[in-house]
Amino acid sequence: MTTKLTKPIAIIAGAGPGTGASIARRFAQTYPVVLLARRQSSLDPLVQGITESGGTALGIPADVTQPDAMEATMQQIAGQFGADVPVAAAIFNVASKFSRAPFLDSGAEFLDSLEATARGASNFSKAVLPFLLRAAAETPQARLPPTLIFTGATASLKGGSGLGSFAMSKFAVRALAQSLAREFGPRGVHVAHAIIDGIIATEQTKEYMKDKPDAKIHPDGIAESYWFLHSQPRSSFTHELDLRPYCETW
Amino acid sequence: MTTKLTKPIAIIAGAGPGTGASIARRFAQTYPVVLLARRQSSLDPLVQGITESGGTALGIPADVTQPDAMEATMQQIAGQFGADVPVAAAIFNVASKFSRAPFLDSGAEFLDSLEATARGASNFSKAVLPFLLRAAAETPQARLPPTLIFTGATASLKGGSGLGSFAMSKFAVRALAQSLAREFGPRGVHVAHAIIDGIIATEQTKEYMKDKPDAKIHPDGIAESYWFLHSQPRSSFTHELDLRPYCETW
Amino acid sequence: MTTKLTKPIAIIAGAGPGTGASIARRFAQTYPVVLLARRQSSLDPLVQGITESGGTALGIPADVTQPDAMEATMQQIAGQFGADVPVAAAIFNVASKFSRAPFLDSGAEFLDSLEATARGASNFSKAVLPFLLRAAAETPQARLPPTLIFTGATASLKGGSGLGSFAMSKFAVRALAQSLAREFGPRGVHVAHAIIDGIIATEQTKEYMKDKPDAKIHPDGIAESYWFLHSQPRSSFTHELDLRPYCETW
Amino acid sequence: MTTKLTKPIAIIAGAGPGTGASIARRFAQTYPVVLLARRQSSLDPLVQGITESGGTALGIPADVTQPDAMEATMQQIAGQFGADVPVAAAIFNVASKFSRAPFLDSGAEFLDSLEATARGASNFSKAVLPFLLRAAAETPQARLPPTLIFTGATASLKGGSGLGSFAMSKFAVRALAQSLAREFGPRGVHVAHAIIDGIIATEQTKEYMKDKPDAKIHPDGIAESYWFLHSQPRSSFTHELDLRPYCETW
């Protein structure tokens, strides 16, 4: 007897250019992917690229830090893929706003990053976990256990002068990831946290260390690591791993 | 030449019964203390006790998680002790709301603890740091460097099933403490974070392990540790220490 | 111009049954593998199995904790595969002796585990690093950067009552892994440390939690994770990851 | 009824000039102190200074890394202070040999630091713990719980390029300290670990940052912190604290 009715999907929040796009393309090799980003315009080329490669992608402009956005988004997803669609993988890759400023010069916006990130991470988790649990409950068990991954940073582990706002948001996400791993791991959902410790190679960073090959983290390397996390059987889940270029000082 | 004009004070936020009261009494042995708590009623007996012991205490009912509360509070303090009063020690001992609940059963209140704690810790830090820096700039240097201490918990280091809300708030405070230590340490302000890893002996917990002496952390032990942190010369600051009963499993 | 002359190999120390055997079989899918273990008898079935699957395996009985053993072993390897053979992957999977005993009941043997493990890990690293550096220097660069992996445990991060001997050895290996990562990473060698946090499913542990599927870590899961580490491009090396069953308490 | 018969003493291993001497002087304000160091000549001025200040000090030249040395030392102590003398505080302050060298240039001496440190820390702990347990068992309970403190360093938490030997020894001591804390804490012995993160101000380092006041850790600051640890009641033991100058980058 099987309960599997609907083909599972993957959802990537923060599917803008760079890391998000690489993750989306990687998971689209196996699953229909739902891509969330603030602006439709940053989703369009990605959806088009995935479609042209033979994949299925649905781009939904959504601000996951808004309480209602995730709910509306999940309804849209259900409308497209079925109300009982299982989620095989959900990736929270929404960037926390990085700012470095003297603490006493900062105003009320000091907490913006923390509040947006915390709302985003918790809204997203609450929206996708019932769908991940559904995938975990399927019979026969999925070969690839349902997976919820959070993108962290150097500042997930260490505060810094002028970095309080950013570090608070990244520490908080790590706390959430650990707590969800301990709550939902025993129910078959793999919750993981990746610490990206280095500059990511994107259009914005192309001038940085341009003469040193591979000195920046290639987004595809992050995507492969996320896929690896997803591929782990439930007898050996990795909760946390770090990622940094070979030449990074740490 | 000396610039020292005004006798320095200590400010304790979260000066309710229990830990806050013990800290207040300890610092009142040396400084006039300003005590902040939500309710005047929880301040009155403490202020009275300190006064009767020959100390000076000013209780100000204030919700430090409200943006404007700290500013009004600091004006009240300036009115009482002088606009140029240096702060020798500031303690952020406001409890984060502890709750243990299944993540998917939680509603919007899931983020309440994080947001209140983060606002409180950052409001308080912004309000007191200029006064701490003033103390750091005095000539001759104070024997006891100005100190800003945050109260942490087991959940500052480790998330837990159903504890996401609490852990997020405690991780975030730790990130802030680390960031402020790195920014203001070089300017002479000692920023520290204490991890309270165990049940604190209070009126509320008196039934817990009542037959095992010293199995709960006595608030006076926390207060002495905070005073110790304040007593460290700037050549050897402790940023983080843990505190737990001898019989605690960890 | 290429300098690649000889087909690279993989070396696994601690290639006994269980984790070591799984790692050996995984890397034998790509490389000739050299297997080190104390007893020839524990190597024979593994070598035979790999050979029957179309792989190449050389079993060398060696006690890597003995100063001269690794040198003799490397000469034997050079004799078989060429003095200039590059090493693509070297895995230190030698078990530290686990013992749980009251500290004051222990005798001189208390340090045996630490000394054997430290000697083994450092002997092995010194022997293989020149061969790993050779692989790193090849032109064109290998698609899979040369990799040195150490097997850690729960006790790599946390001591325990009666576990001092074991924890000292595992902490020390972690210190070595971190130090070598920082020294040899910039030279192109990927040094990683895996924290195995749970009971491994082996012949010896088959009765443990036998009724709960996947409650023990399957050795093949560890092997796949090690292969994943080896597969990472140098722009995104993972230094440390943990591995535990979905239902493990941590 | 009391079982207290003999005045308790303190034992400091690694009581050379600098930190060890400061610790010795601090504990000598309350206890007769036994000072261990390799050379009598480095003990003599310290013993003399303590005596002149009205304290009691016994200097015993001993290499605690030698298996038999600690036993002979304890017999000498028993001869002087009584076979049933309780130990109120025992400090392991023996320096691990710091060396920074390319890993592949190092020879067999690579493990010297680890082996000497591990032997020293475990020999010392085994020798003093029965005397600390005796102090813990006294009735009425000592106001200051018996305390065993280990001196750690930056490298207790983090390896470094070329620092493998040193880091292995410091990680191992931290593992021992954690394990002993978990085993002997519930029996009333306070086991603590101090992470000294900075340059200590000694004769050897006097040229380093000489123009920046307080940029090095003053040994007396370490001594005061150790005394603070000793002063903690058993309801609130600190297991680990860090110590660094206010201007240190970390």
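Letters A, B, C and D mark the chains as written, and numbering starts fresh at 1 in each.
Following the convention adopted for this analysis, a residue touches a chain if its C-beta (ideal position, glycine included) is under 8 Å from a C-beta of that chain, and two chains touch if they have at least 3 such contacts.
Which chain is which protein? Per UniProt: A, B, C, D = NAD(P)-binding protein.
All values derive from a computational prediction rather than experimental measurement.
A.B. asks: Select the chain at the greatest separation from subunit C, using centres from the mean of Cα atoms.
C.D. replies: Of all chains, B has its centre farthest from that of subunit C.
A.B. asks: Centroid from C-alpha atoms only, then distance subunit B to subunit D, rounded to Å. What do you get?
C.D. replies: The separation of the two C-alpha centroids amounts to 31 Å.
A.B. asks: Suppose each chain is reduced to the average of its Cα coordinates; what separation in Å results between subunit C and subunit D?
C.D. replies: Centres of subunit C and subunit D (C-alpha means) sit 35 Å apart.
A.B. asks: Counting only Cα atoms for the centres, state how far subunit B is from subunit C in Å.
C.D. replies: 47
A.B. asks: Residues of subunit B that contact two or more other chains, please.
C.D. replies: Each of 182 in subunit B touches at least two other chains.
A.B. asks: Okay, what are all the chain pairs that touch?
C.D. replies: Listed by label, chains in contact pair as A-B, A-C, B-D, C-D.
A.B. asks: In the complex formed with subunit D, which residues of subunit C make contact?
C.D. replies: For subunit C paired with subunit D, touching residues are 67, 102-104, 106, 108, 110-111, 114-115, 118-119, 122, 125-126, 129-130, 155, 158-164, 167-172, 174-184.
A.B. asks: Subunit B touches which residues of subunit D in the complex?
C.D. replies: Within the complex, subunit D contacts subunit B at residues 145, 182, 185-186, 188, 190, 201, 214-218, 221-222, 224-225, 228, 231-250.
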